[in-house]
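Sending over a structure as structure tokens; questions will come in a sec.
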Amino acid sequence: MGNTTSIRVRYQETDQMGVVYHGNYFTWFDIGRTEFFRNMGMVYTRLEEEGILLPVIEAQCRYIKPAKYDDEIIINTKLVKLKGVRLEFEYSIYRKEDNELLAEGRTVHAFVDKDLKPINFRKKYREIWDRLGENI
Amino acid sequence: MGNTTSIRVRYQETDQMGVVYHGNYFTWFDIGRTEFFRNMGMVYTRLEEEGILLPVIEAQCRYIKPAKYDDEIIINTKLVKLKGVRLEFEYSIYRKEDNELLAEGRTVHAFVDKDLKPINFRKKYREIWDRLGENI
Amino acid sequence: MGNTTSIRVRYQETDQMGVVYHGNYFTWFDIGRTEFFRNMGMVYTRLEEEGILLPVIEAQCRYIKPAKYDDEIIINTKLVKLKGVRLEFEYSIYRKEDNELLAEGRTVHAFVDKDLKPINFRKKYREIWDRLGENI
Amino acid sequence: MGNTTSIRVRYQETDQMGVVYHGNYFTWFDIGRTEFFRNMGMVYTRLEEEGILLPVIEAQCRYIKPAKYDDEIIINTKLVKLKGVRLEFEYSIYRKEDNELLAEGRTVHAFVDKDLKPINFRKKYREIWDRLGENI
């Protein structure tokens, strides 16, 4: 099950190759995650207020075609794994105009507290955990 | 009295105009400030640890010639004003190769605590204040 | 006459102060400009394809209250001046939730060609010029 | 064989977690690559002027410990593969102070021309190719 959101490419996101700088796709994955959580009724800011952080411990992107300034971009976000201390997402980036696949990526996250120490999320937040589980 | 530091332009800092994206000069001013403080024997991280933040309340830049990828850049930073709750810096950005002036800027900062409430810095941190005063 | 567009604050746009990094407001002004042009029926990418660039030659921002992660932000963009080789915009940044004014800014632009040489825009592109003039 | 360069973490690179935003490590890898080429006597800007671009077609990072504002960072860059149309680099990111490994990454690049079409680099630029080959 996935969540879909869209953005428009910013001038600031381009580089002198005339396309979006490759590092910026990770920011887009992040936007996809935020909207994935919102869609589940979990606002990520609220998680952080409760002291739960989800830092990225692994990130990956495969670039297929370049995104360009002012393109409308679709970000598709899927939760693909949920283990005791980890969460894994997959992303597909499409150009809206012609539905062309531009990039695919993956991020792995740890559940940690404000001091960046791992939390056993399943134990401490069983309800949220179960809700996440239903969205895989 | 000023402080001088240098950086090299990153690919990520360029945009599709083939030059440095204008918003990035504010990041360079920030680097200049960090080094200004270090040069005075004040590490900005330590200020933050003590609960003193210096958010920007005004920022300005005048762009003269564009900086390009891989250019070596000189950042010149001067403290120009110091009042009860405010601090003001001026910056000059030069291309090292030919000493050409590329941009000039200014930032105004407030002294605030971790909740972003103003602090009367002169009163609470007289020693640092006096040290800053000697550097105008 | 102004143009209004909205964005949501990205995690990547925050800094360790827990608020949006001040340099990012210039990216938001840029988004406002893109939408201002689109709203007039002028797509900025098309201007660039025709060899007209609008580099920023001056930029300024006054920060009133901090924007935070996940805030919905309104960007209000106004064209305020149009001279032979220059264009000037003003921006207001609001938090959507309570319509609070967060920042105000200004950018000045030159009309240049692909080699960053000034163009007498009024002469060469009279029709676009006139259309811009109606939007002040 | 590797190349080593160092940077200092910028305030702009942090996020509200109080550490470097994960997407910024890809910018650091980029800096590592630039210095790798310079060290071989090949300036990357000159490659681009000759019409050779090296867009990233795959990027990956594993985050071990977070980098923080003002940390001095060592970027170690190794060319690990060189095939007809591809180039592959590996990176290690260390904190200078205690030589702690913070992250490891990898980027794969294609040789393309200005229209982003693949070039048979070995054939067209045999001398540079051979020089690169000696640096694996």
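Letters A, B, C and D mark the chains as written, and numbering starts fresh at 1 in each.
Simple rule for what comes next: contacts are C-beta pairs under 8 Å (C-beta built on N, C-alpha and C of every residue); 3 or more make two chains touch, one makes a residue touch a chain.
Quick caveat: nothing in here was measured; it's all calculated off a predicted structure.
Novice: Report the chain whose CA-based centre is farthest from the CA-based centre of chain C.
Specialist: Following the centroid criterion, the farthest chain would be D.
Novice: Which of the two pairs, B-D or B-C, is linked by more C-beta contacts?
Specialist: B-C is joined by more C-beta pairs in contact.
Novice: Could you give the separation in Å between the centres of chain B and chain D, each centre being the mean of its C-alpha atoms?
Specialist: About 28 Å, centre to centre.
Novice: Indicate the whole-number Å distance between the mean C-alpha point of chain B and the mean C-alpha point of chain C.
Specialist: Taking the mean C-alpha position of each chain, the two centres sit 24 Å apart.
Novice: For chain A, what residues touch not just one other chain but two or more?
Specialist: 11-12, 16-17, 19, 23, 27, 30, 69
Novice: Which residues of chain C touch chain A once you look at their complex with the stated criterion?
Specialist: Within the complex, chain C touches chain A at residues 8, 10-12, 27, 30-31, 34, 43-45, 68-70.
Novice: Which stretch or stretches of chain D touch chain A in the complex?
Specialist: Chain D residues touching chain A: 16-17, 19, 22-24, 26-27, 30, 48, 53, 55-63, 66, 116.
Novice: Which residues, counting only chain A, touch chain B once they are in their complex?
Specialist: By the definition above, chain A touches chain B via 11-12, 14-19, 21, 23, 69.
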